[in-house]
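Dropping the structures in below, format is structure tokens.
Here chain A shows up in two complexes: once beside chain B, once beside chain C.
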Partner chain A sequence: MADFTPTAEAAPPTSVERGSPAPRWRTAAAGAQRGSRALRVRVSAGLVAVVVLTVLLVPLFFPLDEQAVHLADKLRAPSLDHPFGTDDVGRDLLLRCVYGLRVSLLVGVVAALAATVIGTAVGALAGAVGGWTDRVVMRLVDVFSSVPHLLLGIFIVAMFQPGVWPVVISVALTHWLSTARIVRAELLSLRSRPYVEAAISGGASRLRVTVRHLLPAVLPQAGLAAVLMVPHAIWHESALSFLGLGLPSHKASLGAMVQSARSSLLAGDWWPTLFPGLLIIIPTLAIAGLAGAWRERINPRRRSELTL
Partner chain B sequence: MLELRDITAGYDRRSPVVRGVSLRVADGEAVGLLGPSGCGKSTLARVAALLHRPDAGRVVLDGEVARGWRHRAPRAQRTAYGVIFQQPRLSADPRLRLADLIAEPLRATGRGREAVARTGEMAHRVGLGDDLLTRRPHEVSDGQLQRACLARALALRPRWLVCDEMTAMLDASTTAALVHVVEEYRRESGAGLLAVGHDRALLTRWCDRTVGWAELSGADAD
Partner chain C sequence: MTRTRRPGLPWLPMARLVGRRVLFAVPVLFCVTFGVFAIAAASPFDPVKAYAGTAGLTASQENLDQLRANLGADDPFTVRWWDWLTSAVTGDLGDSSSLRQPVAEVIAERIGWSTLLCAVAFTLAVLGGTVLGVLAARRRGGLFDRAITFVCYTLEAAPPFWLGLLAVWLFALKLDALPAGGLTDTASEVATAGQVTHHLILPAAVLAVSQLPWFVLYVRQGVGDAMDEDPVRGARARGLSERTVLFGHALRSGLLPVLTLVGSRVPELITGALLIETVFSWPGIASATVEAATSVDFPLLAALTVLATVAVLAGNLLSDLLYGLADPRVGFDG
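Entry: the complex of A and B
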């Protein structure tokens, strides 16, 4: 042991170079980047937490009627009584925004989950079976994606009575395509791995290989796709409601609120459009921020095709 | 008898890697296939194990012509092979503990009840300690993982072993141990072996006969 001590102390120059700290500007830049990313994650997580707690707790602790009309108080500017002001029939906008956000989040989360399940199932079918099945299924996916989302969504909503579930179905049936493509592509690359071949030669059926070896490997990607889908679903719901095809008009919905307030905007009443509009944008940006951080975590090297 | 007749195979029909190769492994025989890297010997091994569909040619397994490949091969034909690949990291599902890895073929063929007992027996046979069986692939060394892969390949008591560069990633003592396990299994079961590799010294000592890639592809090799 003693013989080795001097050589260990007189380290070769290469290792000195490797051990020396990076130039200060570089560490500073990397630190700033890391810092801003951490800040982004914190702000996003905080916003998501506030939004979720608000829509869960407010209806529980303040059982006020968001549909109560007070014609005498119509179109009041924001004040202490009505922090977001009132709309053209005197309903409190803060309360309606909370209920509208609640519907948006519900639709967003449920529809995103449903779309992910559909997309994963279709992608798994195409990717795991391959051959002609793959070709036919993926051409069907292409056909679906050649129709504009909103058009297809409107078509689906129009088949039902207005309500929350038609909107969920409409969003789910138009948003599974990207997940199907991602899952299929991942599965195709996994299929030729030696561990899959070992499973085949170990007598595993196609279903067993898919469920036990292939799908667990794509779950992080599918989960990320689901989270990134939530903002899309929220926008889609708002767009449908804006067009008057979403929820029935007395129910609070952010899209419908923006739509019905357009006329008063021209009269200089900015609050009935601004606040619902902000509440569509802020939660979606927060969720997208969190999803971005997750993406960098599971896939730090290359840029993913999963973007908002 | 495992017979490869005029196999042409590859990943692009216009330029196959393997052209018109024939090879025969008699029952209980050990055949070493020698060749430089990238020549197509692994592809040939995958064709022999029904894991890759050749563009032309036939694989005859105990007098029966193979008609399906991968999942389309009958389960009895697929499980007649124990396959061991070069890189243990890629041949092990990273999510399975070693015990589950070894038991997987038993569970997949509906013999899950024997799994616990057989897993212990197989692990003992390849020299894996019980403490390693609860670990996942990233928590063990390449050599230990390759031992587990060998145990998995032997779990269904295959009649044919296909070792595709089984020992290329391993040190000399692990190589010797694994070859010993394979030979012990072959002695008691009479299984045939197709060992693919580029290590002439190892394959000539291990196998009954070795064939060079150049002899196989014969005249039509450039």
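Entry: the complex of A and C
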């Protein structure tokens, strides 16, 4: 499974920059890599912009008629009229994919934000209060992370009946763990900084130190985690929808579109399956590319490759 | 040259680690089962309706009340949780409401097929990931490296069910080389080894491909970093052949720590199996989970969630044992 969240313990061994000069062929390679990295960031930013503009603007001009059925046009292969082809009741797949992407992105962003808020709150609680609270909370995090995400999500959605909110809640409830770990670790490393100690010795209360001095310092990390969480949330939403445990079919997300394309696929028509899947991959790669650049900026010492 | 005798495995510290983890697993399972029952209690889920199924629509109120009393549906969820827990310890996990058979029987019937699928896929992913990762790490930034990295990121972003469906389209429909799903041919009654193998190839390959990127990227990073380390530089400076440097020095320090992490991939493996078994109608435990979820079969879902948790904990333990063995500095104190 794709693990898009930066977990502290699962980070791959990273190369720390070394003082000794590298051999020439290696500096050349590094230069090429830097060049391709800049290109990658530019391409990623462009793709994200295109995706966001598309899902915001296209629905303004091209309303989607879910009820429309054009049986004469059903399952047309991709052509100039229908670049993505048509589905089994003759609807244009390009337009449906745009709407599906919109639903997926919306669910992904909301779920990722909710997960980040929960994670930051829990992490801040553990890191700022410390002691027994910290121990109990982190044990709970351990317990939570012993259940596979998707399975817990399936369980929650099954119990609360599929729908938009159960999906958002189940994705949020299963994805705050890594953020909580990151925020807690950051807080612990910040607590012994001189400016924090100065605030404490100046008589600031624990709450004030946390809210005024500690939280602002961890916000970039939490923000990065939130951005990296969006593709992860989209991925999970699409998996739930594919299993028939996601959004109702009149709010078809990309995963639900792949699910409903299954019968067409088994009849040999590939395009209703191919395009929604590609539209899951493209924003994921673009967001990961941007987040990787952001990570390098806030953790310059760790020049790690972007880890999905 | 006298060979020093290799010390035996550190059995005692390992046993102590296992013991500690088993003790830790008890409260974890306690919490997980409690959470599962709490979620069910907070949801609109009605065990009586679920148990009675369509028969519940025609049953008299009297019968339903009787059923309600039998199932203890009006007890607080903590009581039901405790009842479930105490009977689960004796091996009675309740009855599946969708499959109409004891949960323990469902698990016993299906777990073998899931294990087979996951073991084959995992082995393929580890082997393939190691080979590709080492090849990519040999010249980082090279053409092969960049190509393989790009493919890996793309594959990692791709939903496994989508990969599975495309594989069905290509290999089962277009090339007609492999069956599209199931365990055996529809006509046959018994599962022969040949048929199962034939049906296993496609789901195992897709599951392996969906797990592969992680291994490739981690092996590449681990071995690539090791290539920059002093022992490797020293070996190069002594004029040893690239081959010796790679296999004798870089792989030893770079590959081993990564491979010990395989145990921590159990959650991802379960996630992949949930999707792949559904796509290929593989009669395993993961597809049973999805069926249980669509028909809101609480007893089965609860048991399978616990089972998955046990698998994850076992995977973590395996990882820590391997890590301690691979790197004696780490030890078995975790």
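Convention: the second predicted complex is superposed on the first by the 264 of 308 C-alpha atoms of A that agree within 3 Å, B and C clash if a C-alpha of one lies under 4 Å from a C-alpha of the other, contacts with A are read in each partner's own complex, and residues count from 1 in each chain.
One rule holds for everything that comes next: a residue touches a chain if its C-beta (ideal position, glycine included) is under 8 Å from a C-beta of that chain, and two chains touch if they have at least 3 such contacts.
The shown structure was predicted, so the numbers you read here are calculated from the model rather than taken from an experiment.
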item: First (chain B), second (chain C), both or neither touched by A:Q161; value: second
item: Touching partner for A:H213 - first (chain B), second (chain C), both, neither; value: first
item: Dominant toucher of chain A (residue count), chain B or chain C; value: C
item: First (chain B), second (chain C), both or neither touched by A:L274; value: second
item: Which superposed partner A:P248 touches (first chain B, second chain C, both, neither); value: neither
item: Touching partner for A:G46 - first (chain B), second (chain C), both, neither; value: neither
item: Which superposed partner A:P148 touches (first chain B, second chain C, both, neither); value: second
item: Which superposed partner A:R262 touches (first chain B, second chain C, both, neither); value: second
item: On chain A, the residue positions that both chain B and chain C contact, one per complex; value: none
item: Chain A contact footprint on chain C (complex, rising order); value: 27-28, 31-32, 35-36, 39-40, 43-45, 140-142, 146, 149, 153-154, 156-162, 165-166, 168-169, 173-174, 180, 210-211, 213-214, 217-218, 221-222, 224-225, 228, 254, 257-258, 264, 266-268, 270-272, 274-275, 278, 289-290, 292-294, 296, 298, 301, 304-305, 308-309, 312-313, 316
item: Chain A to chain C touching residues, read off their complex; value: 1-3, 10, 12-15, 18, 29-30, 32-33, 36, 140, 142-143, 146-152, 154-161, 231, 235, 238-239, 242-245, 255, 258, 261-262, 265-266, 268, 270, 273-274, 276-277, 280-281, 284-285, 288, 304-305, 307-308
item: Residues of chain B defined as touching chain A within the complex; value: 46, 49-51, 70-71, 75, 78-79, 81-83, 85, 87, 90-93, 95, 104-105, 108-109, 149, 152-153, 155-156
item: Chain B-touching residues of chain A, taken from the complex the two chains share; value: 193-195, 197-206, 208-209, 212-213, 216-217
